[in-house]
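Before anything else, here's the structure in question.
We call the chains A, B, C and D, going by the order they appear; numbering starts again at 1 in every chain.
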């Protein structure tokens, strides 16, 4: 595993727990964690249960006893690591966004495609695809329960920047983070839409905005926290993105990604409206799926709150009895399970680097549209 | 109409509005309102749209041009007025509770039965039976959609007594109000249970409690409001009632009536659980009915929130288009509509005085059980 | 009252009921209802309680005993009637949208401004401004409880066109209805945003869409219902509008108006996010307002569901005790109350025709933006 | 760990994960799992990550390298194992209910008290005490935010027995399970009430009921699942318990434990009403706590939905960033954390065996009351 921040903890938990609850065809061994600083990396290895730590990812990738590289570093380093790993014949799990630019993502996707022909797997970490309610939603749509998709609303709402004096972390700098709310959380809204509907966002029109444009510099601290300095610097990424997308089928989807929706902590929500029904999901209530079946009698119509905690629901049967809630981190176990099963079976895991590239293209098109007064811009190559 | 407090306003609104939205077989004329004080009664007649006012209900009942008497006075006067009116051949609508004692209620019920044989109608004002969602619930159960009823939870939660220094109004005195939370709102919970399930509460075990036993006397003011005096007096009614009832079918129902459920303003709620489904209703969201259809596929089970605002729902088609909300007072128009239709058709309206008597018996049995250390007491005869 | 469809019923109910619950400085008399067909107009007068009926609105406007004209006809006739009435010195209440075109709305606004100088009042019927929870929301924002407004989400979601074979009524024809979802319900979302925030939508970028472009012609029937013919015709208005607006303060607001959000019956919703708090409202739960007070301690933060049914809430004290729900039509009584109070006091009622014109400009700008590939278009003259 | 069913999996997950997210003063080693069948026990050890397996718990308890015994067997075996372990100087974590009878629980409690004097810790596994929202609720009450507790409603609602043909498993046999819904889930409702309010249930009045009294015998299968035989047998435990309890302060609490509330999967709910506020919790939304602060201004009162996912909330800071959900199993990590911290610090962990005994006494009193026609029975020794 390259990197060991918040995502490192989540991925580690996935690797540790998945083999306990799922019958995996291969037994993953948590071998080595790689970081820039030897001390903190060794501590992370200890804490998260990796056998070793290292500071040079190139050396680790070169090792014969390493079969898979899990990349959880910031987006600007993904391309170099992933390409090197794939070319070294290692399977790769790369945290989203695939890269900070379309150019990088495209290169990664091409390398991944060639690697796949040699049986080397690659997967991008849109973990919310592994929430049982989300998979269940996709299945209901695939089964035709919603009929024709008429429109989609997808939003990812947070409020952690609402304090205008919160300090300037790496997530607010374009050179490190690539983009702001758009790339960080808007990417999830796009991928979720595409995953659930089975369609692609082909064209977009929208605007990105920086609501608080200047913030105190970060004095000390790392990651997403730290103390504020008296000096101020420019926020160079968006903190709000509003856009509309045209899906493959012609239906419209409207999107919002924001770090300023006061009171919304982690509300990745999607509502899909079809000719025969509708579905609504909110990550803040991740064990629930709202389903409206328009084929029921007129006087009995209503959104029903399905507790997605039955043995028949995706992944759920491997955990606890009926009615027992899963949490955020379970998605990482599911991701490990699906990846390992795909590798063992010689199948190409999803979402692929090509899926990741496509999301990157949509993000790029939104930025272009915003810069061009809102005109529609195609997301495809 | 005898009486002109809060209930007088609600009943007046029913009489005024019902003929506008429903095709009534008879045209009600709002003739005379009766009260103890000439001045305030005349003002009430003016405000609520009655042609005249009067202070002697006996005289009014004797008038030839009066066909129906609507009783909205406190419970201690119901028996005398209703009996006189029925014996004078007037139809009677009597606000709940039917009376303050079983003895009175029994006398009223007997007079009403004899009057019915002469074509004189009587009805007790359990208005919540006229909420569209409630009628819809009853219908779903009658249609067998819940299968066998396994258990019921019914509660009426308010918090208007939570201030221990709120003054002692007539509602807290046993001689005037008959009982407290039990008779005032518990009666609704019982009637709703019986109406929705089509069963009777036959035996009960429970406790009634006075949480705040002493309050400031009321200095000035009338009805339910007024200023507090420095002297204090005893609260002689319950403000919390908790009891369990055995229904005709053998199923158990648990009840709560309280004026101390902090934050609950007017939450008359019922949940009925059956072998094929369940229903939940809350008066604080009176346009909604939750329905759980256990015959749906396992992965699609969930309580659905039916907006009971479709043309096909009870009463709704006479009001507004789809999705437009009704309020508290609409029940009074529905009550007028049902009463007038029954009278015109020569049918006996429901709930009858006998239904009212039965509720009174249940209330009485709860008080007996409470006094007898919680033992089970029969509610019948 | 000119016109007597669904809106005629609602306005009549407002005129009938308002004087019963509010102390009005003037006593409105429901004199005459005007329609094209003598028979159905006479029936409407009878049903909704108007003293007379007539078929020529010009004659009625000329009458000396008419002080106020209430216009509830389709939008294409608003301008002619309102202008004539104002010039005849009659106060005017005009249902929204003010007109079908900006040109008409502008003319009306100018006439209204001149009339106002002569003491003749005019008001446009954005009735949702009279919902207690909405007024309470506006007040909280005006009191600074939300701090700086950072962003707004406003949507009006319906699904009554989801059946692709529902017949083509006047609401789907551009010449009669002016526009589709945009003008019919999007107008409400815009007005609500402006009313609650106290800001104007100054520029917009967006798209309007016709999801089902061809429908069966209407064989018989009137208003919004009727039977379908076997021939088909083109839907010439939008049924979905998605747009973003820039508010006066610089904040962005995103809007959606749709007749295709499966399962949403009448969901006019708004969420306002500020630096100190947030508010959320949904017309499907019109007695509730969600309020997030960001100044509370970190561990106690959360959206609270305020039941807007306390005596201290706007309009509520004139109706029922605590916790008793109001419905859709109560807004019409509040509208009458506010209009009559303004007229009696010589004040200019709100929303003015100028407010109505502004909304019309925003609608027009959305259509222009949609036609121009999504570029931003100013809403102001 | 003695036993390896569903609870064994949950406890194992707690032991495995807790050291990764919490800084524990001692490093737990998962040594040996004990079961009756050698093969399945070895498989469980492998699956859940224990170093060894064994079939004789007495031998394991005698080992020097075992410091702590975690008991997850059915309730009829708790007493023998726990007493032996404590007398051998091993710390004990015993799953609830503490025992199947008061007599056993009393013996265990006495042994535990003596062991505590020798520094040997014991704890009963009421894991729901470790849900962050629950701890937060307790703290708010301890801080006086609710004022005087006026009443409590606690219920644990499930529906897994609603199929009358579900087979007779050990949970429905009195000799194995001790009691039914009452002991299995009612125990949680009692403990939660006592934990959150800091009070004891002193006296009770209630009824226990067996709704479906006869079921198909279990042909094959183990634990809670299996196939049905054609023969039928008697259900010897309750499947519904309704009771009222008197708390130490004099306030009343009403309880329900049921396996027949159709559509409710795992709804352990509690609502506490006080003179200054109220709290509501539902295990089906375990990351949320509803809080009503009655000291807020009248027009701003409402239950607020606190997402208990902030760093300042109990246990939460050790997991994920703001707004990331925890699940059912996290409580087991919290339990391990608290137990290990208490042992290392020489403190007596809670809930103690004495707490467990008290719950057992309440359960016993409910059974006695039910058998004695509902009279009030004291829960204390």
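Heads up, the rule we're going with is that a residue touches a chain if its C-beta (ideal position, glycine included) is under 8 Å from a C-beta of that chain, and two chains touch if they have at least 3 such contacts.
The structure displayed is predicted, hence computed values, not measured ones.
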item: Pair exhibiting more inter-chain C-beta contacts, A-B or A-C; value: A-C
item: Relative to subunit A, chain with the most remote C-alpha centre; value: B
item: Centroid spacing, where centroids are CA-atom means, of subunit A and subunit B in whole angstrom; value: 54
item: Cα-centroid distance, subunit A relative to subunit D, in whole angstrom; value: 36
item: Subunit A-subunit C separation of Cα centroids, rounded to whole Å; value: 41
item: Residues of subunit D engaged with two or more neighbouring chains; value: 292, 301-303, 307
item: Of all residues in subunit B, those that touch subunit A in their complex; value: 136, 290-293, 298-307, 310, 312-313
item: Interfacial residue positions of subunit C with respect to subunit B in the complex; value: 6, 9-10, 12-13, 16-17, 20, 47-49, 158, 160, 224, 265-267, 283-287, 307, 309, 320-330
item: Complex contacts: residues of subunit D adjacent to subunit B; value: 146, 150-151, 153, 159, 162, 164, 205-207, 209, 211, 240, 242, 244, 251-252, 254, 256, 258, 260-263, 271, 273-275, 277-278, 292, 294, 301-303, 369, 373-376
